[in-house]
């Protein structure tokens, strides 16, 4: 966390209004991340690469993560003002406004987003990793993020892969095409809500999900035949 | 040496491959090299535009072997992904195991017993030797040496695979390492057999070098071909022997101090030209260093447990969080990035494949060279399609 | 001088050519159907089910817990549980699989099922010559085809099988001791309940068949 | 010469057989029949030798690679070529869609015919020569040059990019190396004073003590022989000059689109060209059918010829087992910048040899010039391309 905070301070000194936040990582690995604002991301990345004390010249890993819309049920302590009738000092009933605290379960939907994660190392100074993250606004239409390929060439294929599998559109990428799936493919298979197409092949031990698919497939095939 | 770009290069934006203009008039010959081509190491395609035999454009096309390993892993438990990692780079299943185990150990905060660390080092270095030997064999195969170096490499590789089989049960799909240790302990007999094999390896490397290193045809074919400049190599995230052949001193065994590599004395060979010959020689020299590591590890291996006492085989659920673990695999930096949401399956499982990322600069290296050089440069990158396409 | 390295290389191949007539190291070919390398003890190919005794159905160790089915990475195991129960090696009544299929065309020989099995019921075979011309039926092994005796297990993985037997014997002893203790406790309770009787009757537990009753 | 007459029977057995057969016919037909019989012998013997060579090649290559090679068909695998032949015959003959079917069909035939023609002038034994031409050498090389046509026909008609690339490579390479091939043979003509192969062999079939007067045992002859061997390797598209069919680069070169028996014909023709050039090399530099030592003269001459050819074939196989392939431009550089100047120099040296008169001086002078030139040009070539051994640094 310490290191991430330091780097955050350095970035904010160099790129005004960068809007970097530290994303803590609770696991024992303690690889804390810096979340960048897409608007300043390329400037921050260039700074990280070129700053003498940081020199994160090696972009090791680029990947995407899909976070679905989350329904969060949380218990909230809610304080309300309620009118209560209490015994007044003179014995008379008096209406009084008091604060009452009650626990309530609230449900809220946290909108999902797509996230890119970058792992940076420094070849010159032999340190790292520095984890950078960026989030899209939502999972449907505002899925643009700036590309880091102009800063680190190593992002070229990996960003293409993230584009292919998650559908994040990298603005500024020189050659944003599908890389693993074929060009005519429509969906983005790594998304959590991706539905596999009905392309079942015979498997003698079909069970669970495969069996379900097999049945659906044969039903569909029956339907087609009729 | 400086690995940072000069100002002028930086001003020019990013390192795009320089455009090569065709010399003569007339149409370019567009050749799809692959997916059915003898030297694309499986199913890989290069869309090449040729001016005569000179390459003016080259676009790699991937995905013929894509099976969405990452998606499969998200639907399987942590343990169930271990055998799948064998199938990424099927030449080096043990280092794949190690990288994955390392990432999970980082995620779950597990400790690895000393003996298990030694076993891992021994197996990883054996893997490295057999991978480098076969890579050179394949490289020479692509150079047209009718398989002789490849057969010599496979002769030694067989001995190493026999060791793998007698320890892990399988020659290539070892599935040996576990989170917090290793699956089965090695016996004294295995250790003896390994010592015997390792004792024979220097003679093999000598034979290899006598056959190849001084060969004028090999030198003529390899030297000055497919040059990769160090600053581009770093900028394009090249890793492994390819990066070091360009003269960048970056060996994750030395940098990350993972495992117990700090205990061994070994050096990192570096090339000065970054061409195919340097990539070949760096691999040869790395084999020699690996033999040194093996000799030390086989001498020093202590007795003790091979699994973390706290490690659980069934019902393994790491706490929410994420971790990126990487090792110096024979092909380069192999990393695993895992996000846990506390369930038995990883929420996100990502492989950082060195084979794919090392191909980023394929076009840069090939432009202006011949078709014959393309297969050579491609072979010197050392890829396995199982890992490229995943 | 030009050609020096070429001549050096040619001498190396000549050495191997000549060596192939005299040295084992330089002629590594094994002519497979006639010659065979002994399989390594740890070698693994496809899983099989271990049974004790001579009757594969009665002696089957599998209790259809379905852990392997869940853990199997390529999901090649299919198990159906029985409605009734049969005694296991320690004499405890257990469910057994009425159907246990492994599709070895899908199986990737990873050994995860062996590792996760708490009952030592599934082990790895070393038999690899399983080629068949029936793509589906021939590669789908049912529980009859999968069942191999414990002696067979001993013959292919002697060290591992001995460890397993020791472990099972230990478990069985513990189970018996527990049963004995329970019986003794029950007897004592009965004795206490009866109160009148001076001595509790000694109850003998029936000795179930030992797991490795192979010698018979 | 007392013992020779006893051996002549074995030595001339084929000639005697032919004459006996021919005398059964009316005299008007005899000259034609004699030629036909000779042609039949060539067409029977060399493809048979080809079959044998494929087995030897695969087994030898296998031994170099620590394996056995084919050993399943027949005793020690020697019936493998029969199995291969049956396989080639029964395979489907695929002609690519939109290929020029006629040319595609003709190419292997033209190749086979031109290759066979070369054997007509080759003296395979004492008096064993189909046609004894005065300009046999010229005829041989003319026929060799005609193979380029068929290779280009094959590459062009296939309508395949790899075939095209292979054909271009093949033609460029063959034409370039033909120069070196011819110029290195010219030295022999200069010394022997004849283009007739019979006379060239006769000139070498002499002995000083027990040692023969083969041209390879002279400085210029050795140099010529080296250049001839290199050029012959390139002419026959054998490793390390097998670029036209470099399987790792352009799949199979000009015969990518050939299958079945047409492919087999290409294969046969490649080996026949190898025999022809080996035979020519033996004739020019190794004394043809003459015995290597005088007292070995009792062994029939044709045995010596075929032994010499097989030795050359073994070296072909040996090189194939060891050497990686050159690149196109390096191949051309080698042809024009090394082989050509060197053979030209060798011509001068041969002239020097011719006019210096016998004595040790011409040996020293010629050998010194050639060795010096070889070392110097080799160094220059490597140096200019910055090719050489390297040293490596280590980081701790």
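Every chain is named by a letter (A, B, C and D) in the order it is written, and numbering of its residues begins at 1.
By definition in this document, a contact is a pair of C-beta atoms (placed from the backbone, for glycine too) under 8 Å apart; a residue touches a chain by one contact, two chains touch by 3 or more.
Everything numeric in this text was worked out from a predicted model, so none of it was measured.
Trainee: With contacts counted as defined, which of the two, A-B or C-D, has more C-beta pairs across the interface?
Mentor: Answer by contact count: A-B.
Trainee: Quick check for you: compute each chain's CA centroid and the global CA centroid, then name the chain with the smallest gap between them.
Mentor: Of the chains present, the most centrally placed is B.
Trainee: Take the average of all CA coordinates in subunit A, do the same for subunit D, and state the distance between these two points in whole angstrom.
Mentor: 69
Trainee: Between subunit A and subunit C, what's the gap in Å when you average each chain's C-alpha atoms?
Mentor: 44
Trainee: Using Cα averages as centroids, what's the distance between subunit A and subunit B in whole Å?
Mentor: Taking the average C-alpha coordinate of subunit A and of subunit B, the gap between them is 30 Å.
Trainee: Compute the distance, rounded to whole Å, between the mean C-alpha positions of subunit C and subunit D.
Mentor: About 62 Å, centre to centre.
Trainee: Residues of subunit B that contact two or more other chains, please.
Mentor: Residues 148, 152, 155, 211, 213-219.
Trainee: Give the residues of subunit C that touch two or more other chains, as numbers and ranges in rising order.
Mentor: 2-3, 6, 9, 12-13, 16, 28
Trainee: Give the list of subunit B residues in touch with subunit D in this complex.
Mentor: By the definition above, subunit B touches subunit D via 29-31, 37-39, 50, 53, 140-148, 151-152, 155, 211, 213-221, 223-224, 249, 251, 254, 267-273, 277-278, 281-282, 285, 370-375.
Trainee: Inside the complex, what are the residues of subunit C that reach subunit B?
Mentor: Subunit C residues touching subunit B: 2-6, 8-9, 11-13, 16, 28, 40-44, 67, 71-73, 108-112, 115-116, 124.
Trainee: Which of the residues in subunit C end up touching subunit D in this complex?
Mentor: Subunit C residues touching subunit D: 1-3, 6, 9-10, 12-14, 16-17, 20-21, 26-29, 31.
Trainee: Over in the complex, which subunit B residues touch subunit C? Could you list them?
Mentor: So the residues of subunit B in touch with subunit C come to 76-77, 79-84, 86-87, 148, 152, 155, 158, 162, 165-170, 173, 175, 183-184, 207, 210-219, 313-314.
Trainee: Quick one: which bits of subunit B touch subunit A in the complex? Just the residue numbers, please.
Mentor: 2-4, 10, 13-16, 62-63, 66, 68, 70-71, 106-109, 232, 234-239, 248, 250, 255, 318-326, 333, 335, 337, 339-340, 347-348, 350, 352, 356-357, 359-361, 389-390
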